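Next up: some structures, all given as structure tokens.
In what follows, chain A forms one complex with chain B and a second complex with chain C.
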Partner chain A sequence: MTVKERERQSTAAAATRRAGPGREALFAVGGAVLAAAILAIFGLTLPANSYLLFSGFLLFLFTTQSLAWNLVGGYGGQTSFGHATFYGIGAYTTALLQENAGLHPVLALLAGALGAAVFSVIWGYPLFRLRGFYFAIATIGIAEATRLVALSPLRELTGGASGFRMSTAGAGGRTSQYMTALALVLATFLTSYWVRNSKLGLGLFALNMDPEAAETLGVDTTRLKAISLALSAFIVGLTGGIYARAFLYINPNDVFAFSVSIAMVLMSVIGGVGTLIGPILGAVIYVVIQDQLGAAQITFRGQTFQFRDVQLGLYGLLLALIILFEPAGLVGLFQRVAGRFRRRGGTQAVAEQQALLRNETGDE
Partner chain B sequence: MALLEVQGVSRYFGGLRAVDHVDMVVGEGELVGLIGPNGAGKTTLFRVIAGVYPPSAGQVIFNGESVGGLHPNRVCHKGITSTHQVVRPFPALTVLENVLVGVQYGNVRSGDPRQRAREVLEFVGLAHRADVLARNLTLPDRKRLEVARALGTGPKLLLLDEVIAGLNQTEAARTMDLIRSIKRQGVTILMIEHNMRVIMGLSDRIVVLHHGEKIADAPPEQVSRDPKVIEAYLGESPVSA
Partner chain C sequence: MDLGNILPVTVGAILLAGLYATMSYGLGLIYGVMRIVNLSHAGIMMLAAYTTLMLYRSFGIEPYLAPVIVMPLFFVIGMGFQRLIVRRITGAAPIVSLLLLFSVWLIIQNAAYLIWSGNTQSILRPYTTRSFRIEALDLTIGWMRLGVFLAGVVTLIILQFFLTRTYLGKAIRATTQDRDSAKLVGIDVDRISMVAFGIGIALSALAGALFSMILPFNPDFGRVLMLKSFAVIVLGGLTSFVGIAVGALVLALAEEWAVGVFGMQTALKDLVSFSALVLVLILLPNGLPSLLGRMPVWRTKPARPTTAPTGGKAA
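Right, the complex of A and B next:
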């Protein structure tokens, strides 16, 4: 195998190498300082107009979701098409506890996240026995089931198809929403970074690449998947609660929507599934596309197509293309391009550039 | 005292009896060889012991406890780990990280895991490859990594599935030395190997499987003279096989 071939193989890989033991503490401290700095900079230079404030708010929420999905879908390779269920549960639990039970907003938010995490454990354990494709299908079923339950049997509670309206009392201004979402996305990034370098992350990578080998080395694969799903659900649950508090109106058809689940898959896949940075890149791109094309339409042979109506189809196509041609998404693409220009420093240097990716069956 | 007792274990795949009512015992500190023609059921027996397949019938007793049907990770935590005949490293992890999986999740978890992983790599002679991605290893090194990863879990019983097959003479000799030193550390070993010189040279005792059934269980010299064994190998003398 030539160096070049090795480089090509390495393209399906993550942006950064996993840290050694001594460096870990350093990275943690450095990461915290960096996060504080970003928080300060974004916080001090608040966007001037409320449109930008609001766009920033949305971008942070989507990035949070993308990073959270990646914990289980990327690191662990358990592709969930049903994360909307956590979003919806987080949103409704937070809204109902705050509105009907008068719980403190922060407590209501945490309760919503906890609710999503507990719910994930309940179905995670049985469903993790399923492999790949079947797991993905089952997650769609779960999310749809929760949507239908929220829509009809729980109509009294959720407002059914007409949705649930919250009083403006606990809303907080645009600025406070922006800051909350910013803090959450930074915390999620640090979590994602920490998991990546932790024992949990190593176990997830291992079971992703070869579940049987991981099991014989003592990895309780079902437990690890459940832990990562619960963590992911908790964070997505938080985004649901924050969304509810910002919009003061939620509807089962919005918060449990399939498109919410798809968005999370899409952002991770576009950026580079299983990588640290990829989900962030993917979220930025997704949000920009939605923002620019959200209201777009074209007329073809007298028929008008709204982007909104065909977006699922377009995104599906995009997913298929990425998975076929560049499974490591943008991060993989960057690495491939960088590899072209990099001086060839022998195997060791090449190996140093390489990192992790999912679902490799080896190269024998 | 018996560390491992396999009692009437069978494993069927549909109508195929891959392992058929096998009884065998492995004593503490023993090195037992498991041989048999291709398709005899050796790997399947390993997988039943390691928990990958539940037995269709029979019991696996380890340290006096029944472990048959437990998940592989539970079996590993009891002290049994197996290598894989077709090597299956985690390709995008470094060699050190591969070993670290077993160290952090295995049976013995004490001390600094990275330090322990390094010691294991030192022990098997892979320390100089520690930071290389496993997918970039040569086949002999991959086989070594299989052993290193398994050792990292701190097993009491190590199942080695053809870790020497496919190596050249020098490498084979190195691995044989390695297996001897693992044994000296007090690890009980059950190993599958086709090369008779290797298996005769290492084993305290040899068990022979044929069509899923045990047809011999005796010290090496005796097994090599056993007519049933010679017949199983299609008449050719197993010594030259």
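Right, the complex of A and C next:
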């Protein structure tokens, strides 16, 4: 108990420190803009049909999702297995409005994101009464139910199991897709940074640590959860729309798939749930495993294993190791290593991250 | 509305309920004792189905005899797993256990893909498709379905006997009610948790072995069934086995009637259980027993507040 209290105090102190702008803000915002500029210039130097452009596009899309999931799943501690609903609704709203209503692509994208945000409020409000894994399990129910509805009763609209094909008109080249996704990832990172330091973020940290205490202090936890989920849904909805426009084909079984939700959870938790940089690290690992190692193969006792075949297990293994040994994810691991070198400071940061994660430790 | 169908549909639903109950007992037991939701449940069922298949293919063991081997095997696996891995995270935030068991599911699933490939398998024996007719009622019932239903009922009776008559069972119930008090009266809570986890996994495996005889399966098998199990235990009030049996019956009836009597599309059948899961969590956090508890005649004991998903800290 005393350890927990001490951890909580140190986390609270960290939160107070974070509130003030200063060198950290300069570092985070400046660093992000600089990194984005370098990536943009790099993108421009690549030939228009380069595979790297496509990989980069995917990486940025996943990173955006991971950062967006972290807003509600990390900062607020509301583990959602239902973010695929936002992805799917964003993708379908964008595609349908653009194809059937002839809406301008940008407006269609925004409408898709807005649709996802509205949907998040619809299921978010009733579900926010639930705590811990009850919330998580209810979101699985919501996600699977949404997929079924998109697949069958809305078959006329979504194309059912055979999917929905878009005309090639609004696709744009690989370079423009790359740039769009890069801009989105930068905007999402800055949003995430802003949320972390705003009153919204502090409220989310507070409710993550102890919902009752936060309520007592006058934090409207339901409102905060709803706002963060809607923000998260809006961003994920945007990625859905961008995905639809890049691939020109969407299918309820793809965009509403359980695996879409899982990917966001995996990326955030592996990278470092509730941290600023963690979701980015997680997304990089995720995409590298999925995209770059996909073609690798191992020959063992005359049998050849495609690397693709062990992806899922590899993510599972990473997740298990992270949860058992380093709850603060890769970020925690790096900080621990850095702390070894610096002797001081690093361990403190790790303790803070871990305290955030280990909130609500059952009353053993 | 098609009322002419109501009898066969209801009989079908009752048989299905046996299956739903069997697959939910393990989940309920593990939740009760450890306050952990076993998200690897689907993986365990799938693994047990493949084990049954392997026992038949390699050793010629009839699938209906397989539970005799599968259950002890998974009991030992479950205990070892609890001892080595799950114990490390007792007392952590609920989401930690959820993610850990989820990662286990991913690993099991991937291992199954590597070992058995993604092809859909099914176990076909002369008796698996045989059925009998009751002419007077115009009913056709598959022997396998009936057998699986009876297995579910027998399991419930044995479990109820075990939990009320044996020391181990009583200790498990005591731990379920209040972990700290159980410690105070001298129950080795760690050992009880290990045994209960083993039994829970063995029950999941029993369900998997039974499923392998009536449903086709592949490494992705069990996701929808796992969600249905969640719906069942939430309906049943989370910790009572009789509650789970009743929850299974209610869910099976709702599903079968929605399709067979009220004419819902078959493709939407699973929607019933998904909606039930969400709605019951929100509206009836203590499940059906809390509904009974409100009626003075049936009131037995007050619902335990610690099991409520909304109230207090989700311990």
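The rule is short, and it goes like this: the second predicted complex is superposed on the first by the 271 of 364 C-alpha atoms of A that agree within 3 Å, B and C clash if a C-alpha of one lies under 4 Å from a C-alpha of the other, contacts with A are read in each partner's own complex, and residues count from 1 in each chain.
Please note the rule applied: a contact is a pair of C-beta atoms (placed from the backbone, for glycine too) under 8 Å apart; a residue touches a chain by one contact, two chains touch by 3 or more.
Just so we're clear, the structure is a prediction, and the values are computed from it rather than from any experiment.
When both complexes are overlaid on chain A, the residue A:E212 reaches chain B and chain C alike. By the touch criterion defined above, A:G173 reaches neither chain B nor chain C. In the superposed pair of complexes, A:G77 makes contact with chain C only, with no contact to chain B. Judged by the touch definition given at the top, the superposed model places A:G141 against chain C, while chain B stays out of reach.
Between chain B and chain C, C contacts the larger number of chain A residues. Of the two partner chains placed by superposition, only chain C is touched by A:G316; chain B is not.
In the superposition on chain A, contact of A:G30 is made with neither chain B nor chain C.
Of the two partner chains placed by superposition, only chain B is touched by A:G203; chain C is not.
In the superposed pair of complexes, A:T221 makes contact with chain B only, with no contact to chain C. Chain A uses residues 212, 357, 360-363 to touch chain B in one structure and chain C in the other. By the touch criterion given at the top, residues 77, 79, 126-127, 129-134, 136-138, 140-142, 144-145, 148-149, 151-153, 211-212, 258, 265, 269, 305, 309-317, 319-320, 323-324, 327, 357-364 of chain A touch chain C in their complex. By the touch criterion stated above, chain B contacts chain A in their complex at residues 50-52, 71-74, 76-77, 81-82, 84, 88-94, 97, 100-102, 104-107, 112-114, 131-133, 135-136, 149-150, 152-153.
In the complex of the two chains, the chain A residues touching chain B come out as 6, 9-10, 13, 18, 20-21, 199, 202-203, 205-206, 209-210, 212-221, 347-348, 351-352, 354-357, 360-363.
Every residue of chain C that touches chain A in the complex is listed here, in rising order: 35, 37, 85, 88-100, 102-107, 109-111, 113-114, 179-180, 223-224, 227, 230-231, 265, 267-268, 270-271, 274-275, 277-278, 281-282, 285, 309-310, 313-315.
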